[in-house]
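One structure below.
Residue numbering begins at 1 within each chain, and the chains themselves are lettered A, B and C in the order written.
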Amino acid sequence: MKITTPEFKSNAVEALKNQTLQKALSHVEEGFIDKRQMAADALPEFETLRDNARDIKNHTLSHLDLYLEAYEEKVIESGGHVHWAQTAEDARNIVLDICRKVGAKTVTKGKSMISEEIGINDFLEGEGIEPIETDLGEYIIQLRNEAPSHIIAPAVHVLKEQVEEDFRATHTHLPEDRNLEEPETLLDEARTVLRQKFLDADVGITGANFLIAETGTSIIVTNEGNGDLTQTLPKVHIVLASLEKITPTLEDVSQILRVLARSATGQDMSVYTTFSTGPRRESDVDGPEEYHVVLLDNGRTNMVGTEFQDMLRCIRCGACMNHCPVYHAVGGHAYGWVYPGPMGAVLTPSLTGVDKGGQLPNASTFCGRCEAVCPMRIPLPKMMRHWREREFERNLNPTAQRFGLKFWAWFAKRPRLYGLGAKIAMRGLAIMAGSKGRLSFMPLGRGWTKYRDMPAPEGKTFQQMWAEKQVGKT
Amino acid sequence: MQPKGDTLLTQPHVGLFVTCLVDLFRPNIGFSAVELLEKAGCQVTVPPAQTCCGQPAYNSGDRANTRAIAEQVIEAFEKFDYVVAPSGSCAAMLKKHYPELFAGDAQWEERTTNFAAKVFELVSFLSDVMFFQEIDVTFQGRVTYHDSCSGLRELGIARQPRKLLQQVEGLELKEMENPDVCCGFGGTFCVKYSDISNAIVEKKTATIEAAEVDMLLAGDLGCLMNMAGKLQREGKTTKVRHVAEVLAGRLDGPAIGEGK
Amino acid sequence: MSARDAILSKIRNQVAGDEDQTARRAAVANRLATAPKGTIPARGQLNTRDRLKLFCQRAEAVSTTTVTVKSYDDVPEAVAEYLRNRNLPQAVRMGDDERLGGADWSKTPALTKDVGPSDGSDLVGLSHATCGVAETGTLVLTSGSQNPTTVNFLPENHIVVIHVSDIAGDYETALDQVRQMNGKGRMPRTVNMVTGPSRSGDIEQKILLGAHGPRSLHIVVVDD
């Protein structure tokens, strides 16, 4: 997938001008925020569970090597295979190999952000294997040849009229005069079209919300049931998961499940929480004959043990972006890669490099709403600031900005000179504003005055007036 | 509080951290803070050796300059019983972020922790520390209060300003929709990402307008200047002031961005 | 070095450079062996009666329907009645679960039972849950010939029978019951925790029932 993260600013400008997108984005605020609040309020233990979830992941990450070993042992014991992939390319080749061995022609896919991260769809297609997304949102964007714009609602940027157009253009075997005006009819059509694909597929690929070390189990959390059909019907089930999905025990995952759906969609529990352990057993009459787990690193081992380790607690609920004013304004595509919103602003530079992803941690007001709702209590603003520090150390920010900062800091460290300079500058601004009380244009301040007026200073600085007052007193 | 004598026990000595924006743009907020603190029984000193809390450097990733500025602030203010700022954002910087900055530093860590414990934002200090009740001013009109992000989420300020405002005679407090959502200011963000900042503040001014109030209040001048500047560019007449100006009754001069 | 070893040794270096590995190993082994419980919501900690009530209430809150019968012999009629009410043909797809098979089906001669996995042509699936969780009205189904996983997902309508004594208050208790089935550390191939019928909110965030799994979910509680 082409990374357009360095063009975040121009992406954002385009997004702000896109009326269709702006209309679609209004559903984010309506659809998620109140529901999350109600679900959280209805569970008195919610805040304690957030603490527990954080602590469980912290413990796991500080013993990650050992839990991975324990997990691998259990998967093998239950008849499954574990494949270790250091890079996206390694992961793609592992998947291709498995598909080739069973002569796969079509592959159904449950929703998986890792599959987006490694760009598996384009790759498989290039190798003559047809990948079919089965999550409704993923299916819609696959038809549109787009990337997801939200980690749990991939087609949140699409309006139903656009879905209708896409379905009419793709499902040409269906009668032209059919009614597709309502979301219900669109859903029915997708269900019918995809049902046959499920039954025909040779391989099913899913992601994983959790990998349980105690039992060698992978867990997917979904609402549609597509993930279950994807992994149950084909001969082969491949799980794509990143290293940090490891969770020690069933008890631990129970704690985290209680905060996951509530934070994501405001449900107490998603409809389907499915535990898979190995391939089908002798006592089974259905299920896959082969079970493979691809464990992906792709930059995550660079994060463990650093100031960015906390980000690996993320369980991909999407609450941070659902509550982010910047995400609300520009949507997910502007972020230019797989992960949008506050979690993307930390993860993208971590996985693609700060030279490519550096724009994102800067594009935040630090309003802190993301951290306030994160079920794993990830200090997202703090980590964005860490990225800014890394950028600063490597002289990656624009020259004008660095110069401005240096100039300002030089004065800020010299109160006497600062006071003098401030006195003169504020006097000047006040005179420019005249009796109007505000400026509609300001030298060096176009970023501000392009959209707003600049309230003029009173004239004298507080320090100046205070000093005068003290003299008057004595 | 460090008791140094009988009188000081009852009259804590407050060092006012004016904040750079109040110093430069709106001294009236600084004087309002002084009046309120004195009314609440504090002795107020304004150390001249103050400029800024260092947030512009801190949020730009420049730790070295941030540290230098932080050391300067701590040196100038650590002798007071309390350090009070008429801004949630600057107070949070002093109280929450300075300790992070010096964590693990043998020479500064403890000193910073002690300093941070004395730092408060003005309105929450009046309400939670001084149990200030004597609001004897009047204001005829309907106001709405915007929760600035740092004050709300880093310091838990939400209830205190509303409680004090409700004691102002004649004042009617009407909540806007989503008062806790960011106004899009974000310090240098509003200039670096002016297009996004504009989209955010546009939503804010729309909710302010929908609240049908005479005046918008908040506890942070940065947010206030952003919202005032946008309201005025949009030709709206809602007046904008810092909550301290209303609580102190210092309403003679023009509101923020208002003509003389 | 293999990818596996490269990844593991890199993590080890970064999270536990000079730490004592014995202590780390002991901490991990201990957690895996003892599986300590965290915070259990008070909501589900009730007596059997109230737990059943909560279970049904939570299930109904997510668009599941429920009915309680007195014995397994009443299950066939409850199934037949559900099919009649929903204008569905009298036919179900099911596994070879002994409790379901052992019920007295002679009272519903018109009802056809097909035993085995579903191939997608069935309208109604009938399953027996291993257990349930009252705190969220969740069913726990485990795979095997007694309850093929395809029966849970391919038919348009899903009827699940559960015994009242298998309804736990919380996930931990229910999952521990699953764990005991094959011994600790061994899970059935598939465990489905099901909370309501299938749904999607992917078109303009409007929640619609019946995405890819069943459009309707009906629970029959056997309370003998």
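Methods note: a contact is a pair of C-beta atoms (placed from the backbone, for glycine too) under 8 Å apart; a residue touches a chain by one contact, two chains touch by 3 or more.
These figures come from a predicted structure and were not determined experimentally.
Distance from the centre of subunit C peaks at B, each centre being the average of the chain's Cα atoms. If you tally contacting C-beta pairs for each pair of chains, A-C comes out on top.
Taking each chain's centre as the mean of its C-alpha atoms, subunit B lies 53 Å from subunit C. Subunit A and subunit C have Cα centroids separated by 29 Å. Between subunit A and subunit B, the centres computed from C-alpha atoms are 33 Å apart.
Residues of subunit C found to touch two or more other chains are absent. For subunit A, the set of residues touching two or more other chains is empty. Residue ranges of subunit A in contact with subunit B, taken from their complex: 9, 12-13, 16, 325-326, 328-330, 362-369, 371-372, 382, 385, 387-393, 397, 401, 405, 408-409, 411-413, 415, 418-419, 422, 425-426, 435-438, 440, 445, 447-448, 450-458, 460-463, 465-467. Of all the residues in subunit A, the ones that touch subunit C in their complex are 24, 27-28, 30-32, 43-45, 48-49, 52, 56, 59, 61-70, 72, 74, 78, 84-86, 90, 134-137, 140, 153-156, 158-160, 163, 183-184, 186-188, 191, 194-195, 198-199, 213-217, 223-226, 228-229, 232-233, 243, 248-252, 254-255, 257-258, 265, 267-281, 283-287, 295, 297, 301, 304-306, 309.
Those residues of subunit B that touch subunit A in the complex are listed here as 18, 22-28, 30-31, 46, 48-52, 54, 56-63, 65, 68-69, 72, 100, 149-150, 153-154, 180-182, 184-187, 189-201, 203, 225-226, 228-230, 232-233, 253-254, 256-260. By the touch criterion stated above, subunit C contacts subunit A in their complex at residues 2-4, 6-16, 24-25, 27-28, 31-32, 35-39, 41-43, 58, 62, 95, 116-117, 119-120, 135-136, 138, 143-145, 148-150, 152-154, 170-172, 175-176, 179, 185-206, 208, 210-214.
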